[in-house]
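One chain, chain A, links the two complexes that follow: it is found with chain B in the first and with chain C in the second.
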Partner chain A sequence: MRLDLKSKLASVFFLWVCAFTLDWPVNATLILLAILLRYVVPGFRPTSQRAARSIVAFMSYSTLIVLIVVSLNAVLLPGGDVLLIVGGIGFHESGALFGLRTACRLVLLSLSVLLFFASTPIREFIRFLQGTGFPPQLGLVLLLTLHFLEQLPDRINQIFAAQEARGSPVRANVVSRARAFVSILFPLVLSSISESIDRGQALELRGFLGQGQMPVFENRRSDTSLLTMSLILLSIALIILRILNWLIA
Partner chain B sequence: MAHRVILESFSYQYPGQVTPALADISLAVPKGQCCALLGPTSAGKTTLLQSISGILHKHHASGFASGKIVIGDESYAPLPEEIQFPKIAYALQDPYVQISGVRETVLDEIRFTLENLGRWDSSTDDSILSLLRHLGIDHLAERKPTTLSGGETQRVALATILIAEPDVLLLDEPLTALDYVAQDRLSDLFKGIKERSTILFTDTHMEFALAVADVIVVLEKGRMVFSGDRKGLLDHIDSFESILPSHQWKELIRTVKVSQGPEATEAILKAMETI
Partner chain C sequence: MSLRAQFTRETSNAALPLIAFCIALNLTVGQITGALKIPIYLDSIGTVLAAVLVGPIAGILTGTFANLLASATGSPTMAFFIPVVVVIGFFTGYVARLGWFRKWYLVVVGGLLQGVIAAACSAPISAYLFSGVTLAGTDFLVLYFRSVGNNLLESVFYQGLASDPIDKLITYSVVFVLLRSLPKRITSRFSGASNLPSNNGAP
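The block that comes next holds the complex of A and B.
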């Protein structure tokens, strides 16, 4: 099934509602399902190799983050049984559960957003926004920002390559990489802002905000409106259930 | 249709600056002619182009301007307050920023201009391809614009504004990133579009200007130190030694003038047109 943007946005919204309303075992299952989505649903396939790599990198970093959050909470929040003792430090059950709840929520929230942007070309997204009546001026700002983000890794690599050509060991190890990154961050951001201003000016000079406006692309027929509606209704039902749960408790 | 461009005692001072960026500039470029604005960096060349395009007032409305700018039959006192595209098209110095980056192919990037003007339909693709052929970049039509080399980007940037068929074409350092072959192509292009558009371009070197320009203006620190034709510039070449760094040509011209007399400058000009 090929998902349109509305269904994808509804899926993200549904996952966000789940993250806030459901407990960690369901959220953990949803995380695994979301990862599976990337492989089985064509609409969630990454648009480029870089996007695919970013999902893999996210998964490895989030595993590390889950481990850290769970361990810290298990150590710092006493309560319940002691699950294990390492070097005299006790890991408590209730802290570990709290950590799992928090970490799964964070990972599900960020994974859903990442999946959406990794599988949606910028142009497609702007086309969708314009179709919903988004003003072209805001479209321009969004385009420039997203274009800047898209170009950022290449720019960093270029600067690193230039530094390496001058004999600076910027990619020797994690520490030198981090130090080099901090030193280029400020000029990088400044030059990017300046370039964005120039690009905006060039677009103006091509009539972008003049008598014309950025064209609204053709509307594509959606065959997944049932899915969109179902996801939205399911999300609303989850919110209501959660509120009732609080009221009864 | 090409329009004349006239500046009458035009001056401009950026907000917060104590000295004017342009002081008492008077020049006239007849319609369908090509004008080169020469001079070192910070001479005021870009400010002059921005004043004509309308973007200077739009972005620095509190700057102080005086004098008058005339484009065709329209007079602006002291300068246009709105961007005049597509009547006047202006290509920025950095060709990379001319590419919007939001379109997937070169063809689509150029369509974007026509779409903004509400002029695009499927038949205009033929005009785009014809323009790309003219610029020698038709083979790039399906390439992603952000993956092109410097010279290719320069030509695509030019195509993004030429497609609007402007009456006045303003080009800020169009030779940046162009090799000699591409410079020749640009020279041919200028000759081809002069009937359609009056051209004003800036440059820091004089070889290209001597080969293509009908009117040459030399600026230094915001003031006009020369205005005339190519022969006039060559006759006064010694006066601009410090501001027009083109040692090889100067040497050649000086040698020919000394050995064969001043009339030889005509021969040099003719020779340059054929190079």
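The block that comes next holds the complex of A and C.
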């Protein structure tokens, strides 16, 4: 099943609504289903090896976080029955439940965002935004940011190595290293601002944002699919149910 | 000046690449602090730089896009804190217009105030959306404050108060020193040049 970006965004929105309106066992099931989505639905497959690795890393990290959050809450927040005692430390039921609720919500929210971005190239996302009436200058900002993001790590490494070669205290005590931070940051900012000025002049010369705006992307509009509408309606229904439930209680 | 006119002014051809650099700076400054092993975040340094050099809308755009891109590149919870960076961008741009980046003591006051405001803005998001857990090391501090009898919102706010003012004070100070050392021929190209001291940098 191929998914357009609107359906994917609607899926993310639906998972967010579920995270806030449903209880932790449902959210835990949804987390497992969301992980399955990554393998089953082509539209949610990671776009690169790096994106796939980030999902695996996130899952290992979040498993650890769930364990820590549940254990710490169970130990520190007394209330309810004592589930078990390890080395004289009691694990309380209400704290454990609070931890489970919190951890499941957090993992579901985070996973939905991660699945969306791991399966959507940023350039495609920017093109989608432009198609929905996003100002062209903001699209350009995002594209330029990608350019800077590719360049900055190398530039930082170069400046770091150069300052170290000049005897900058990059491996001394904290105060000296803080001073070294400034000696790395300043040339980085200065060179990057100079570059950004050159880019601004190039844009000016090419007439960007001048009279007869330069089209960055063609305006593509797509119809809202049945899946998108169903997910949005389901989300609204869940919100209404939750509010009614809260009012009755 | 209307909001539309201000948006047009702050997204001029000169400002767009600077905003892009500041977004990238927010996302990569961790690489420098990580390599130097200094225990500070400074992840809003680009937001503050853009807000002072260009204006509040540029600051808001920088913070918003930086958080969106951070969500896309492995820190998914950052997207939910966009309201906080909007406040940081607006506040910094506003105080810069009032001339607070011309005197060092006003920079100190602004940084501390910004830290308290950021803590107050992030506390409800962190407490109500994530129950105080945001997958950061400071989560342990929230649990500590809860275990000594505070409610969730108070605990998250106290945790913010313990870290945000110092982080924002350092961020403001670094940007202040940075802007003072930038040559005037560079700063004068941006709409926020009037926010800086008249004797700023070399000609």
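Heads up, the rule we're going with is that the second predicted complex is superposed on the first by the 168 of 249 C-alpha atoms of A that agree within 3 Å, B and C clash if a C-alpha of one lies under 4 Å from a C-alpha of the other, contacts with A are read in each partner's own complex, and residues count from 1 in each chain.
Everything below uses one rule, namely that a contact is a pair of C-beta atoms (placed from the backbone, for glycine too) under 8 Å apart; a residue touches a chain by one contact, two chains touch by 3 or more.
Just so it is clear, the model here is predicted, and its values are computed rather than measured.
**Q** More residues of chain A are touched by which chain, chain B or chain C?
**A** Counting residues of chain A touched by each partner, the higher count goes to C.
**Q** Which holds for A:Leu106: it touches chain B only (first), chain C only (second), both, or neither?
**A** Only chain C; A:Leu106 stays clear of chain B.
**Q** Once the structures are superposed on A, label A:Glu195 by its partner contacts, choosing first (chain B), second (chain C), both or neither.
**A** A:Glu195: touches chain B and chain C.
**Q** With the two complexes superposed on chain A, say which partner A:Ile126 touches: chain B (first), chain C (second), both, or neither.
**A** After superposing on A, A:Ile126 lies in contact with chain B but is clear of chain C.
**Q** Figure out whether A:Pro25 sits in contact with chain B (first) or chain C (second), or with both, or with neither.
**A** A:Pro25 contacts neither chain B nor chain C.
**Q** Which holds for A:Leu203: it touches chain B only (first), chain C only (second), both, or neither?
**A** both
**Q** Tell me the contact category for A:Gly79 with respect to chain B and chain C: first, second, both or neither.
**A** Neither partner.
**Q** Determine, under the contact definition given at the top, whether A:Pro187 touches first (chain B), second (chain C), both, or neither.
**A** A:Pro187 sits against neither chain B nor chain C.
**Q** Intersection of chain A residues contacting chain B with those contacting chain C?
**A** Touching chain B and chain C on chain A: residues 122, 143, 147, 195, 199, 201, 203-204, 208.
**Q** Give every residue of chain A touching chain C within the complex, in rising order.
**A** 20, 54, 57-58, 61-62, 65, 69, 72-73, 76-77, 98, 101-103, 105-106, 109-114, 117, 122, 125, 135, 137-138, 140-145, 147-149, 152-153, 156, 160, 170, 174, 177-178, 180-182, 184-186, 188-190, 192-197, 199-201, 203-204, 208-209
**Q** Would you mind writing out the residues of chain C in touch with chain A in their complex?
**A** 11-21, 23-25, 27-29, 31-33, 35-39, 49, 61, 65, 69, 71-74, 76-77, 79-80, 129-135, 139-140, 143-144, 146-147, 174, 177-178, 181-182, 186, 189
**Q** Which part of chain B faces chain A closely enough to touch in the complex?
**A** So the residues of chain B touching chain A come out as 53, 55, 58-59, 83, 85-86, 89-90, 92, 94, 96-98, 100-104, 112-113, 115-118, 120, 146, 160-161, 164.
**Q** Of all residues in chain A, which touch chain B in the complex?
**A** 122-123, 126, 143, 147, 150-151, 195, 198-199, 201-208, 210-215
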